[in-house]
Amino acid sequence: GGAAGQAPGAAQQAPKKVYTIGFTLPLTGELSSIGKIWEKVVYLAIDDLNKEAQAYGFNVEFKAVILDDGTTPEKALQNVQTLAQQGIKVIIGPAASSQVKAVKGFVDSNQIVLISPSSTAPTLAIPGDFIFRTVGSDAGQARVLATLAYQEGARKVIVFHRNDEYGNAFADFFKKYFSELGGSSIDVPYQTGLSDYAAEVASLASKVQSEKVDAVVLISFDTDGGNILSHAAESPVLSSVRWFVSEGPHGAAELKAPAVGAFAAKTKLLGTRPLFIGNPLYEDFKKRLKEKYGVDASVFCDTLYDAVMLAGWAMLRAGSSDGNAIRSALIEVAKHYYGVSGWAIFDEAGDKAYQDYGVWAIVKTDGGYDFKDVGVYERGSIVFTAKPYP
Amino acid sequence: MLPGYPYSILNFFQYTFFYILFSIPLTLSYRNTKVINFAHANFISYGIYTAVFLNGLLGNTSLALACLAAFAVGGSIALVNHLLVFRPLEKRGASMSLIMIASMGLWIMYNYALYMLADIAHYYTLKNFISYGRIVYADVPEVELLGLRLQQSFVAGGLAALVLVASLYLFLEKTTLGKAMRAVADNPVLAEISGIPRNTIVNLTWLIAGGAAAVGGAIWTSFSGTVTPTSADAMILQVFTVSFIGGLVSLLRTGLGAVAIAFIENVGIAALNTYFGVPISFRPFLTFVTLLTILIAFPPLGAAGGLPFRFRSRKVRAE
Amino acid sequence: MVLVANILEVKGVSKRFGGVVALQDVSLSVPSQGIVGLIGPNGSGKTTLFNVVTGFYVPDKGEVWFNDGNRSERIDGLNPNEVFAKGIVRTFQIPRLFKSLTVLENLLVTPFAQKGENPLKALKPSSWIEEERALARKAVSLLRRFGLLEYANVRVSELSGAHIKLLETIRGLMTPAKLFLLDEPAAGVEAGAAHELFRLVRELRSEGYTFLIVEHRIEILMQYVDYVYVLHNGQLLAEGKPEEVTSNPKVVEAYIGGGSA
Amino acid sequence: MIDVVGFLISWLTLLGIYAILALTLNFESGTSGVTNFGKVFFYGLGAYVGATLTVYLFLLLNGVDVSKTPPYDVSGIVLLGELAGKNPALNLGLLALSLATAFLVAGVIGYLLSYPIIRVGPAFVGFTLLSTGELFRIFLQHYEPVGGSRGLMSIPGPFSWVPQPRLREVLFLALVLAVLAATYLVMDRLTNSPLGRTLRAVRDDEVAALCMGKHVPKLKATVLFIGSGFSGVAGVLLAYYLTSVNPDMFVPAVTFNVWAMIILGGMGNLRGALLGASIFTFIDRALSFVTPQLGVTVISPDYVRGFAVGLVMVLVLLYRPQGLLPEGRVETVAWEELGGGASG
Amino acid sequence: MVGVLRLVDVYSGYGKMEVLHGVSFELGKGEIAAVLGPNGAGKTTMLNTIFGLATLHRGEVSFNGVKLNGRKPSEIVKLGVSYAPQLDNVFPNLTVEENLVVGAFIRGKDPGIRSDIEDILDLFPEIKRRRNQKAKTLSGGERQMLAVARALMTRPSVLLLDEPTSGLSPKAGATLMNKIKEIQQTRGVAILLVEQNVARALEIADRAAVLVGGKIVREGSADEFKSIPIERLFFGK
């Protein structure tokens, strides 16, 4: 089968130059629910990129090759190699930090530009390599979450977090910042990759009871986070403390269930996430994604969209398929790019230099419950733009 | 009072029901066919997704209907696997380990097929099926007992587990066909020579194994906070663990295994956490430690083999 | 019995399985270089006795002593492989051949402590090749003797019933043990081959080996043994020279039966 | 347009690592009947031993205080990256040390693990080992000195002093193939020897083998020592190849892939193990070039690939139910004697 | 005499390998026929072929005029043929009694099964004592008796017995032979008997055939065989 299906409309003038961007996304496995949404974001972004390039008079066409890495490091490396062997020089993904680590050696030595929209591990903040991240590191968000919890009156919290690189690092930063603010926290890690977390939630409930904490801080991905909150909604003990949540569960469809919505209202659940709030581009992006593909923009959709855009413009700017040239072009392009996730400038480690953070809540709407951004982090404190819970 | 009470206790029962629904079919299928069926996870996940699709596409809110449909789907998948793959392989003289790997192949296929189905369903409804929240059913009551609210899944799971255990007991112990089932497992060729319709029995076995596990899956949708196409894969090791405690052949021991593992995973870890500060992230660790302890302390006989070897053989006495 | 050393002495052995008393206070001895028969009705405990002697079971009571020339050792309760190492080889009544191996390979497996079984030596073929050749020659001559040579390269799962039985016995005879325990070597085997087997037993005896043989085909067995024990319901019923035993009315009543040969 | 050489290098390297695993699994499970569902445990053990040894010694020998700059922190990682290419002798020396240590550690642990599995049958042996693997993984996640859930990264490879990436890849491939060849040689010698024959006998009937004087427990321990040792070596190679290790890499699925390889190729047949590994890794890779071009839109094209991998497995098995290459007889000089005997 | 069981020019074996090379044989109604022959001659294969357990390459097997070619063993049992194989002839993990119950499977809910079990156990007092013991713990001879007992449970009209007395004590063997004769006489069951103990077999058989190398080399009445040193036939020609 040829690639003909990709290009609607007839080719008229000179043949277009084709730029291919490779993707390695978690279409199966633990992150597959985000991966599926990301896939749609990629379609939208490539579409937009083509339109923009055309509008600027480039006779080019961007194409995406999407491979599934099942959230495993080895598969991610295999995908990156497969893409490289097709002459692809810019790859977006993989999702998890452990995967990025596994491909780092290969992309650095083969001069392939890799942009991860979601890897936030501080250990990957390494200057001079070919790895870029369009999202800020966990340390930043941990500070915001700590501030949020403290500002909302929590003094003693349980940090209930994934026992993986993301969760552990996030939790460590959170505890550090929270104690700096004057609060105290208890560490409760839970094993990832389980089918259900009812047992963990039960243990959490007894911990909450015995330790008499004011709040639970949940640091999770979307599926596990959704699962945990659904079970927590069943428990009177867990419904009686405040909940503060990381970006993971934002957008998870199962949190719009009435039971969870009611739970959120009762516990005044608030979450943080990397977000350039009040960004009209983002609102537009969200709307078009919903209209065209029927999916809600969830976590890291904006950073992924921007990653695609940056990659495309960098390739156009470099004009060659030399990895080093694209790398420099990317850094340049990012300096002037304002996208759905805000300003895209990279720091010396290739990570997003200025990350803004917003606060979200689950609020009642006409049709049920929905996610809503209700505040921003500004100069050391949270400023609410809306009152989420009465 | 036990830590985590009463949730841990409730969860303990809840999980016991699920492990019975998931593991007893596995034990049954191994016992009667000697196939270690890796595709067992598919029965569960297709049971889950039968309920999910019924709910998401047709708005069904009847758990009874979901269970019936799941039984049909799970049972058919198991039968199709057997008729199109396992039996032809066996006829051509494939070893059991080869059939086991064929079941791995099937497992992979069904997993991706499920993702494809979810994609197609998304295309038509624009709903997210890759991660689906808990379903609230209209036809199962929540029961108040001693001031405790027993969820729908508790009621339905308890009922289904009871039905499965009782009907299997009656069938295996009280009917000739049930006894014949054991004979087929024991010596298939002789069973045929004795006039036992081995094919019928094996077909029936697969139907029950696939169907019952899928019913468990359907009920799971009313329990778990979120289901994904990999929900079943994520728990299959536990399910196998329970069956292994049963020596893969004894239904009774499998039932006890279900109780033991459910207890350890819920009450056990909560107690260790409370009294010894063991992090709850050790839950799967504990499951496997339990399995190892049981395997080493009481090695199951039967399928387990057993070597007449004594580590402390009596010292030779000479004159 | 003072001059001839007994290679095996079973002293007051009892063994029960739940309610079933398989052996009760059984004592017997096998003289060195003897061919001793062990007969008795079905279920009288013959195989169980073999299992006790070879370490398969631990007796509930009693002792088993093995006399290797000048040293006498107690061997009950040892592991089967340790008993084998002492020089006692048994065959199984219901054959337990190595099903995926060929006939020749089944024979080659038996000999004890082959050089090539040591992992380090296995890596260096020159260290075991000579021994292997010698064993193969022995195996081939045994196979030829029993007309099984044509099956040498056949997997044992493709043999006929009696060939399986025969091979089980021959496999036992491959290794130079001191005492052989044969459990019904002639069951199902055609008369010619059965006699051949017992002739081989006689030859081996003259080379210094000892045999204890369970066999129901007494018309064949009695031609070759010098002493017979009879078990009945797990107890010793009679013992003596073949003629004495076959004419013992108790034995006739319990075992041989009336009209038949 | 497709970089064929690059494809071959990357395919063969991973294939080589998997082939070592397949050969050892074939030796353990195909020849000797120790159903090892815990392959990934020994593989991961080797990888972690190699990785830990390399990163710590690398820093220590370069005079870095690892208590202040542990190798799993950013500073350590950056340092490792800077030091990686400075001293070829160090890299190669650590390679040798890692290989030897991983072999011994994995081997000895395999040896010890044979103790609890002596008296249970094959399926239980398998599950005991599988459980041990899971225990190990969860332990790693909690064990800080090896990086905990972060794992270790920026592991200096044996050839990181070679400037050209292509040459570096080729050298590494040569290393992998050399280890593979050595593994093959050892496995071939062992299976086609009296030991191999005895092991097959144990596989067929443990009890009978025990009664034939074979020290079954010791044999199993030996098998696990050898098999696990080589798996550990494969793990070291993987660690160097990915330049990172992480607990999540060592999940049971890896074991099952290796199982699929040896059964596809033919249990008990060494060349079958190689063939199975080749086919299995090739199909997956080759299809990932094809499926994105299919023009499928409603479903993710990559699902077609995943589905096809499963389908091919099932079809191959249906077509060749003994596996592609069935187990042969144990090839020793014994057969020569038969040649003379049969004709006479 | 009408043949109930007929083999016409049968070539059969396992897979591609051929073991029987053109065997024709007829078992008359209510008679006992003995099949004798050296080890590996193909006696078991002959029974296996009748029962659909070997590959029939050429020729025909019929029972009461019904063609058996290509039928499944379970169908053949229902027609009234029963088989006690030489090896692997019990269900090891079932108790003695369960072995018998399962043996009567084709009779469904027949209330006569209970009493049949008692009758058959009376025939074999050795295993009657062991009725609740698992078959795998039986002694060799007890197992053999159980195999024959199980085959009788279907109330067959034709019984195939492969070396039923191997491993039985002389007394038990003789008793079994008498019982076989008795079964034939009282129930009119036709019996095809494979036996190594030639003398014993000829004592109860009406007819005999000698199978050598996959071919029948001689056939005739039992009395006829009694006069010739039959074992020479095994290696004759």
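We call the chains A, B, C, D and E, going by the order they appear; numbering starts again at 1 in every chain.
What we mean here is this: contacts are C-beta pairs under 8 Å (C-beta built on N, C-alpha and C of every residue); 3 or more make two chains touch, one makes a residue touch a chain.
Only a predicted model underlies this, so the values are computations on that prediction, with no experimental measurement involved.
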(request) State which chains count as neighbours of chain C and simultaneously of chain D. (result) B
(request) If you tally contacting C-beta pairs, which comes out ahead, A-D or B-E? Let me know. (result) A-D
(request) Tell me which chain's centre, taken as the mean of its C-alpha atoms, is farthest from chain D. (result) E
(request) Name the chain whose C-alpha centroid is most distant from the C-alpha centroid of chain B. (result) C
(request) Between chain A and chain B, tell me the centre distance in angstrom, where each centre is the average of that chain's C-alpha atoms. (result) 35
(request) Round to the nearest whole Å and give the separation of the Cα centres of chain A and chain E. (result) 74
(request) State, to the nearest whole Å, the distance from the C-alpha centre of chain B to the C-alpha centre of chain D. (result) 30
(message) Using the touch definition from the top, which residues of chain E touch two or more other chains?
(response) none
(message) If I count partner chains per residue in chain D, which residues reach a count of at least 2?
(response) 138, 141-142, 207, 210, 216, 300, 303, 306
(request) Mind pulling the residue numbers of chain C that touch at least two other chains? (result) 56, 79-81
(message) I'd like to see which chains touch which, written out pair by pair.
(response) A-B, A-D, B-C, B-D, B-E, C-D, C-E
(request) Can you check the complex and tell me which residues of chain B touch chain E? (result) 176, 179-180, 182-183, 186-187, 189-198, 302
(request) Would you pull the chain E residues touching chain B in the complex into a rising list? (result) 51, 53, 72-74, 77-78, 83, 85, 88-94, 98-99, 101-103, 105-106, 108-109, 150, 153-154
(message) Touching residues of chain C toward chain D in the complex: what are they?
(response) 54, 56, 79-81, 84-85, 89-90, 92, 96-102, 104-106, 108-110, 112-119, 122-123, 125, 128-129, 132-133, 135-137, 139-141, 143-144, 149-150, 152-153, 171, 175
(message) Looking at the complex, which residues from chain D come into contact with chain B?
(response) 29, 116, 118-124, 127-128, 130-132, 134-135, 138-139, 141-142, 206-207, 210, 216-217, 252, 256, 259-260, 263-264, 267, 298-300, 303-304, 306-307, 309-314, 317-318, 321-323
(message) Under the definition above, what is the set of chain E residues touching chain C in their complex?
(response) 14, 17, 38-41, 44, 86-87, 126, 130, 133, 137-145, 162-163, 166-175, 177, 196-200, 231, 234-235
